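Note that chain A is present in both complexes that follow, paired respectively with chain B and with chain C.
Moving on, here comes the complex of A and B:
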């Protein structure tokens, strides 16, 4: 664990924790964005440029904006009245707490049970070119299927945006 | 000094300076020495551009423009800078203080980050990333968030409207922007900006091998420039800040130096996308003719950049602002099909090696869809002098 890793991990954890604890939904999304950027920088720190930049493009550039729009359109963006209620033990809190505890217990058990060896001593050098080669040769069929799906969605959006014929109205 | 020494003068002086730094600090010193010139050069270019723009727009609109400070008003930017530095910083009472403060910072930081992958001259790039183009668009997508933060945190209906318009416009035009630049990636086979410039090197009978001189490259360049104008919120796509409708859009509630930061961020974004257009289509820092290669590479880069800036100013002084539906129709019904067809054209160009065959075929593949698409968008409307019901 290097210093850079600790800083990036702190950014990610603080951002994600902020996303869960703010009252204002817009603040939550901004906190989540900080967490996602921290995650992208962790990818970059590991040498995965393609994944890191794609993470920023997809999550910061698209998903965060989409979430913001969704909140604004469902009127969640207005200022909430600050009702400082004491945290009460409700059944939902109990169930949620139990599930979260179970998941963390399993994760911790799986991690601690393994002998602590270095997973990869040498960082594999993966260039974007190699990813492109693999996508275009070995995984060309899944890529094509996804491309067709996305293009269909794109064309569908354009058709939805086209003006309807005059006679139908 | 040989032309090569003049060309590499900045690189040589950087290495000379690095020799005086202890070996442990060298990576840090190298980074600082690469970043500081960029941080100095482009804000200076911004200062020059503001004067150039005001003078140019004044000339187009048949007036003088600034002509009081310095020779022919050239030092107007210094007066503007001092004014914005000394102005009171007003923050609305209802504003979200933290987000309101962070928004201009994020905008300027994102705009500066984009310069890391732009090759300014031969061997002159801050970071030669393997996925440079991807990095550029990733950083560019953070601008949208900054704009939204500014509009929302001001807690004013005009700034929120402006931010919504800006975000919708930037997301819509990011699709054609990326698709228009992908043809270059297809042709050069790399996402690295340095490799893209190198792929356009060389001359045939004094003429360069720039991608703009191919049918798909020319169409891609035009589409890229239209999308870049919209991305940088410039006229005729300046709806987010349309003064006559919503005063100044998302930065209406900003004053003093924060307003200046927004101004700076917007122009830096414009320079960055122009520089990317130069890198992708106009051969980067390469000279336009083989007998002019003795002029240093960075000079060519800035000459091209200034030419594109003048073009932007010219467009701003010429075209009226679009309507919101025209803006979106342009993006999704014209730009998107054209860029998708352009991808196909680039692929055809790649697989037809015979120049006698591929020139007519690819030109037809660009021109015919353009004519058909623009005819269909007119939809039987005849263009005539507009009659106003109330304004006459």
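Moving on, here comes the complex of A and C:
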């Protein structure tokens, strides 16, 4: 529980909470970007450099930009905020907040309720070389399946987003 | 309280924020982003358990996180494609107004 962890956790929580509470979707994406950068920093702090930089490339570089494109393509002419702008306590807000709070309470209770066991505190040294060796030997079948999945997702996304009746629009 | 507990609590909080967003927001794109946040909370759990687990040299948590990030990216691409396709029919991304399956 170091100071670095607390700072990075605060960045992550503030960013993601902002992403889920702002009214303007573009502001939400900005908050999401801050939160995901904080999470990538946490990965780096934990010693998983490859995963941290992958997180930045994939989420900050691709998913956030993709979401911004989707928002701009779906709400171009209209005002970019959700319709009912009054912050008020609605039943849906109450139920959703209760469910999320209950999930957090149960998870926290499960973690803090049991005595803390001994952990291995030696920082593991992991190189990209090791990750590549494992990907090419032990995990080569999942890697190939991922390649097929990414190809299918790429083709599927293009087909889904392609305009179908060109003459009518 | 050891460092692992801190990471697990942070992950639980991240999951709850994502769940609240997925349940409460009415913009379909932001619901998808809430789901991405929940996946990220799981990734943080994988990395924290790998870091403080008994056998970090096996790199299991790192491998699982890499594949999880890949699946999440594919899911985001297809999900946003579906939202664009639905928007073309209904002219809205508000989930309250998407009440019909017929195009």
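In the analysis below, the second predicted complex is superposed on the first by the 133 of 169 C-alpha atoms of A that agree within 3 Å, B and C clash if a C-alpha of one lies under 4 Å from a C-alpha of the other, contacts with A are read in each partner's own complex, and residues count from 1 in each chain.
As a working rule, a contact is a pair of C-beta atoms (placed from the backbone, for glycine too) under 8 Å apart; a residue touches a chain by one contact, two chains touch by 3 or more.
Please read these numbers as outputs of a predicted model, since none were measured by experiment.
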item: Which superposed partner A:65 touches (first chain B, second chain C, both, neither); value: first
item: Between chain B and chain C, more extensive residue contact with chain A; value: C
item: Which of chain B and chain C A:30 touches, first, second, both or neither; value: first
item: Which superposed partner A:158 touches (first chain B, second chain C, both, neither); value: both
item: Touching partner for A:96 - first (chain B), second (chain C), both, neither; value: second
item: Which of chain B and chain C A:50 touches, first, second, both or neither; value: both
item: Footprint overlap on chain A, where chain B in one structure and chain C in the other make contact; value: 50, 54, 62, 69, 154, 157-158, 161
item: Chain C residues touching chain A - in the complex, by the definition given at the top; value: 1-10, 12-21, 23-27, 29-30, 32-34, 36-37, 40, 43-44, 47-48, 50-54, 56-57, 59, 61-63, 65-67, 69-78, 80-85, 87-88, 93-94
item: Parts of chain A lying in touch with chain B, wherever the complex brings them together; value: 26-27, 30, 33, 49-50, 53-54, 56-57, 60-62, 64-65, 68-69, 72, 77, 127-129, 154, 157-158, 161-162
item: Chain A - residues contacting chain C, complex; value: 1-2, 5, 9, 12-13, 16-17, 19-20, 25, 28-29, 32, 35-36, 39, 42-43, 46-48, 50-51, 54-55, 58-59, 62-63, 66-67, 69-71, 73-75, 82-83, 92-93, 95-97, 99-101, 103-104, 107-108, 111-112, 116, 119-124, 126, 130-131, 134-135, 139, 142, 146, 149-150, 152-154, 156-161, 163
item: Partner chain A, residues of chain B touching it in the complex; value: 99, 129-131, 134-135, 137-142, 144-145, 148-149, 152, 164, 167, 171, 174, 189-191, 328-329, 332-333, 336-337
